[in-house]
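Just dropping this structure here.
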């Protein structure tokens, strides 16, 4: 039987992508849409609401939420209280709010997912990097982004380095008498590892983690071309939360 | 306290690399060398033997074996019977021999490792590929080798495809109306996946596993430049078998 | 002084991109727009026409044409006759038409460009590949596209192989006793070279040309993410044709 | 008819590689070997000398020189004076010496080559990079070497950046409000371009030059695995110098 899905914030860019993804998957059934900016009464036969309180009577399994930080916490709480397992891509939750929602979900015996990043490839890359670093402690990170990006290194690169640090033996890499003829050549340092940030027009968001050992190399690369990539993570989230009895934070908890 | 190591077959190419690796690691202590072709009585103070039966009195922890298929089974059995945990890189064991050695090791409560491939990077790549395929079922493999290689695809590529097949949903990839204007363009097919074999002078042994999904890509690449790469796997094997009570087959069992 | 530009077919996708590009470049001045589907009289102060014959009085230097195969030949002739150097991205010209337009341009002492591909990076890759093949005759091509692409190999890969064939010594690559354990593993063959076609969701249009020689490798890769990439070629075309006295076919003629 | 070749310094590592390369090429005929450290009188029927003055009577076309900086200048002069076109891989010539040898070669109407780098792939990469930068001014360089390398960036990377600077419009790349959260993330700067140096065990010597433009990217990569790679350049040098009437400096002069 298909999993019954509600999408909150369906008028936004991510909401629209989620709408399309749910419609195209036979294992999912779209039974309600909600957005305060909606003017239509239904879309392709699916009822549209502007106020979430009108959805309490719906018999849905999952509440997909791509709304705004201002309302996401209230929405998630509402979903859990009404028996919908939440799959939330909106950011801005505090640690306290997440803890509270976890407790609430456990009391309701409902699964749930709040995820700051739904790109499965990116999550897998971080996991694999941390795992490989146990055995291959020599590693450098190259992240490549479009040249409008202001900050370097990227948040993902720093996060990746931190995850690697948790599993690898601490190590100051490079030659002991290493010397930069030009400042910055060896990149930024995080716990003895080096991070390099490339910025060029045409690029979108890419990251390489390169491990080296005697006579061999292992390279992990993620290319992100479009936010549409988040949808495979949302799809996975929907199918996993219905099997679970507690909300989790981070898509990696479901892999 | 250092782990006491014997190396059998130390005159061969791999044995020599193992000898060097053990000497350079403070956590390991080389206490004996054996090779029927040895003519010296000791090397750098370490006693050299030509007959393994002369080593029964040695108090060693680990028996590293890079001998020949003809004697490796007997050597491994000998090691277990004399209380040395074997770490064996020689090939040619039958399934029955491996089972028998596992039983013997269990009775002796000794760890052990027989591994056809000691390159940690290659093993990690295969594991990661199988793991990623669960979530990203669209995948192709490109393997690149020097142009003296006779067979295509490589054994590693076929092995990787088989491991991927165990975890991913079966899927015929590519456009449904896909057409080869030139035969072979789309590569070899294994369970709906494609494998491409590149052969060029200068190359050594390389493999890329490329996953694609809506708006993103994940690429795993292993480069093998030299058999010296096996030594990090041998090192790991030595340090792991002393903690275990049964022999395993395949380095992946220790990761 | 700025180069005065007319854009024909400005309502189409490419025409719109050209419109934006011209406006953003201080060295160019947009003085007229034409499109039979236009309903507005002017855009941002630039006059809009629906019939090209109304533009004969304009004092323009360059006629950029992104119309349709049905009218492109007539448009290009019209441009030359009225003193505008044409830069044409529309396809479908016959060899006779191109010859005729070259002759006409020479009589008028006007430069011009008809180009089937305006992506400078793709053109450079093909040129470099042909140049490298003179010295490094062992080469394979990997092209990677989204999995909706029906044909394999891509037209660009075949074109690249043909250009390489013109400069390299003929050579049957790979081991002489090479054997495919799985049919297609070694890819398609063009003049002894191999071409491999990868098809995965998420990919756009990518091509790698890999050269190998004793102890070294040279890899040329082009990534095409968006048709917007054509605009740097159009920009180059506009600035080059005003310096020339004859129309050329192919952007490579201006590099 | 085969080109008759003498190899000076044939007992060294490069000399040995040259010896092997000449023997394997039917278009070349090895007619003399010279090395002060040689003890044999001939090798595979080819006469061996310890003193170059004993070779004046040989009817050779080309003098391949892999000796030492101390004698290379005298050797090259000797070769030219005796009618042998020199192909010299030894370093340490002063600019004055090179000028003098050029003049001498012109008087003798003999070709010749002195080259600090014989890796054709590396030379082609530098040429292509300079050529591409004319049209694609946004570029970054990543060079990757083994972790025993002391200096960063590599000499080749700096040389490549300088060659690029000669052809591209000067440009400060990256976002105007770019900010390094961790110092060094954006790499070293040369004329507005960025260079990143990766150092890992297992790597040999690799360089990537990445160009980005709206919607596209062009990447040039050279991998150097072994000094044996120099031999295709030496081979090319031998075949080119016999067609020429003056000595040149740098393999790029023959491409």
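Note that the chains are named A, B, C and D in the order they appear, and that numbering of residues resets to 1 at the start of each chain.
Convention: a contact is a pair of C-beta atoms (placed from the backbone, for glycine too) under 8 Å apart; a residue touches a chain by one contact, two chains touch by 3 or more.
Model, not experiment: these values are computed from the prediction.
Enquirer: Just to be sure I understand the contacts, which chains border both subunit D and subunit C?
Expert: For subunit C paired with subunit D, the chains in contact with each are A, B, in label order.
Enquirer: Could you tell me which pair, A-C or B-C, is linked by more C-beta pairs in contact?
Expert: Comparing B-C with A-C, the pair joined by more C-beta contacts is B-C.
Enquirer: What chain lies farthest away from subunit C once each centre is taken as the mean of the Cα atoms?
Expert: So the chain farthest away from subunit C turns out to be B.
Enquirer: How many angstrom lie between the CA centroids of subunit A and subunit B, rounded to a whole number?
Expert: It comes to 35 Å between the two C-alpha centres.
Enquirer: Based only on mean CA positions, could you tell me how far subunit B sits from subunit C in angstrom?
Expert: Roughly 48 Å, centre to centre.
Enquirer: Using mean CA coordinates as chain centres, what's the subunit A-subunit C distance in Å?
Expert: Going by mean C-alpha positions, subunit A sits 38 Å from subunit C.
Enquirer: So which stretches of subunit C touch two or more other chains?
Expert: Residue numbers touching two or more other chains: 202, 211, 213-217, 223, 225, 229.
Enquirer: Take each protein chain as a node, join two nodes whenever their chains touch, and name the resulting shape: line, ring, star, complete or other.
Expert: The chain contacts form a complete graph, every chain touching every other.
Enquirer: Looking at the complex, which residues from subunit C come into contact with subunit D?
Expert: My answer: residues 119-122, 124-125, 128, 131-132, 135-136, 211, 213-232, 236, 255.
Enquirer: Under the definition above, what is the set of subunit D residues touching subunit A in their complex?
Expert: The contact residues of subunit D facing subunit A are 138-140, 142, 144, 147-153, 158, 173-175, 177-190, 194-203, 210-217.
Enquirer: Where on subunit D is subunit B touching in the complex?
Expert: 202, 204, 223, 225, 229
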